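Sharing a structure with you now.
The letters A, B, C and D name the chains in turn, as written, and every chain counts its residues from 1.
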Amino acid sequence: MKVLNEMKITFPSKSVNEGYARLAVAAFASQLDPPVDELADVKTAVSEAVTNCIVHAYPDKVGKIEICARIFENGEFYVKVKDYGCGIEDVKKAMEPLFTTCKNGERAGLGFAVMESFMDKLSVRSKVGRGTCVVMRKKFSQRG
Amino acid sequence: MKVLNEMKITFPSKSVNEGYARLAVAAFASQLDPPVDELADVKTAVSEAVTNCIVHAYPDKVGKIEICARIFENGEFYVKVKDYGCGIEDVKKAMEPLFTTCKNGERAGLGFAVMESFMDKLSVRSKVGRGTCVVMRKKFSQRG
Amino acid sequence: MPVRIVENKENKTVTAFLSGEIDHHGAKKMREEIDRAIDENLPSLLVLDFGEVSFMDSSGIGLVMGRYKKMRDLDGRVFVQNPSMHIKKVMRLAGLDKLAGIGDSSRKGVQP
Amino acid sequence: MPVRIVENKENKTVTAFLSGEIDHHGAKKMREEIDRAIDENLPSLLVLDFGEVSFMDSSGIGLVMGRYKKMRDLDGRVFVQNPSMHIKKVMRLAGLDKLAGIGDSSRKGVQP
């Protein structure tokens, strides 16, 4: 499928960038003129993926986060969130709703559940010690 | 001066990305909690620099545009807009208000004038056949 | 100010008016301010008002869940007030509608 | 719709209500729609209303300048209505305030 437009952003894993990241992706996705609620879905899913990099991938240091977003010819929206952090040992288990390795009760274990339910497609690739790559896709409904 | 935070974005020189680029930069600059009118200044200056890449640097093709934005320890905001396009022969002349090489009357020749007046500092480096790099800086006034 | 707290001693109610975007970055401060108000007032009802919240991800669920547990320890209830469609959607995903009462301000009395 | 055109044949006035963001990407369509209304109506006054414009860069100056020249060829005037502070600032930089009348809607009659 032909890529009509593509953007890449990189930024350090500081929590202050969570808002920046989802706004930048939403500003790009706006080109598809999506319904407001579906754009909010994308913002929420991106916020989860980016927060995971900040909280889990780089727990005690600041690392690099990369986002790539694409608009395909058929109107599909694609967004990839990538880190070079600790990686996930058991991706299948990590994706189960309510599963979290966070001990302080701060995280609900619903990040992947939100990504899965708010986007059409979710794929997660990860390698321990190398990093994690989350790819999400969504086709917005036609307006009007 | 220490860099507190930094983001990079890349995207193709399509005019539909003008809105995306200024929004992404503004979303990042928002971390400094700038007054609304000063954030509009940054958006306008970035819009001018990005439009120049799209209109002038790559007149008959789609090329790559890179933006890098930084937040310095002293609260200064830095933004660099870079292209690998045709370059500018005489930068001093290009920066004169009302100077434009655009023939169809579409451009007012005020892009650099806006960047200069809306930002604190503007520097332009260019090499014919290699590309152009515009760096702008602004210190936002304290709010409250 | 991301949280405005209103205490009603007669009703033993604390209402926290949240505003802005609730994400991992901002949730910590909100949690702390609400918990301070709970500890000071030991209310029997905690109302969380989401009327001015423009965005929320699963960090907001952590926020509600944590307050729910805290209020349960006090034998109190939690009521979620004025959530937007977007926020309701995030909360429903977590099954929060089964733990806390959720509704608009006109149905404030609903039991969890 | 980025431009809404209102034609007043008695006053020989065309008013173009612009909205959204005026940049290089969006200005072309706006220019074309305004020019079509000028060509059809040959007005003596063109009012450009910026009340709903949330952003404008120097592409908006090109838009006003071009319409100013077109109206001058018709011996007509241009009036810029309801510009925000931000838009006034961009226009002042270009000296547009010397070419077209600029003001809020209550001072519509000002001469260029």
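Rule of thumb we're sticking to: a contact is a pair of C-beta atoms (placed from the backbone, for glycine too) under 8 Å apart; a residue touches a chain by one contact, two chains touch by 3 or more.
Bear in mind that the values here come from a model prediction, so they are computed numbers and not experimental data.
Averaging Cα atoms per chain gives one point for each, and the point farthest from that of chain B is the centre of C. Each chain gets a centre from the mean of its Cα atoms; for chain A and chain C, those two points are 26 Å apart.
Chain D has its Cα centroid 48 Å from the Cα centroid of chain C. Once the centre of each chain is set as its mean CA position, chain A and chain B turn out to be 28 Å apart.
Per-chain Cα centroids separate chain A from chain D by 42 Å.
Within chain C, contacts with two or more other chains are made by no residue at all.
For chain B, the set of residues touching two or more other chains reads 16, 19. Pairs of chains meeting the touch criterion: A-B, A-C, B-D. If you check the complex, the residues on chain A that touch chain B are 5-12, 14, 16-17, 19-20, 23-24, 27-28, 30-31.
Interface residues of chain D, counted against chain B in their complex, comprise 21, 23-25, 27-28, 55-59, 61-62, 65-66, 85-86, 90, 93-94.
Within the complex formed with chain C, the chain A residues making contact are 15-16, 18-19, 22, 37, 40, 43-44, 47-48, 51, 54-55, 105-108, 110-111, 113-114, 117.
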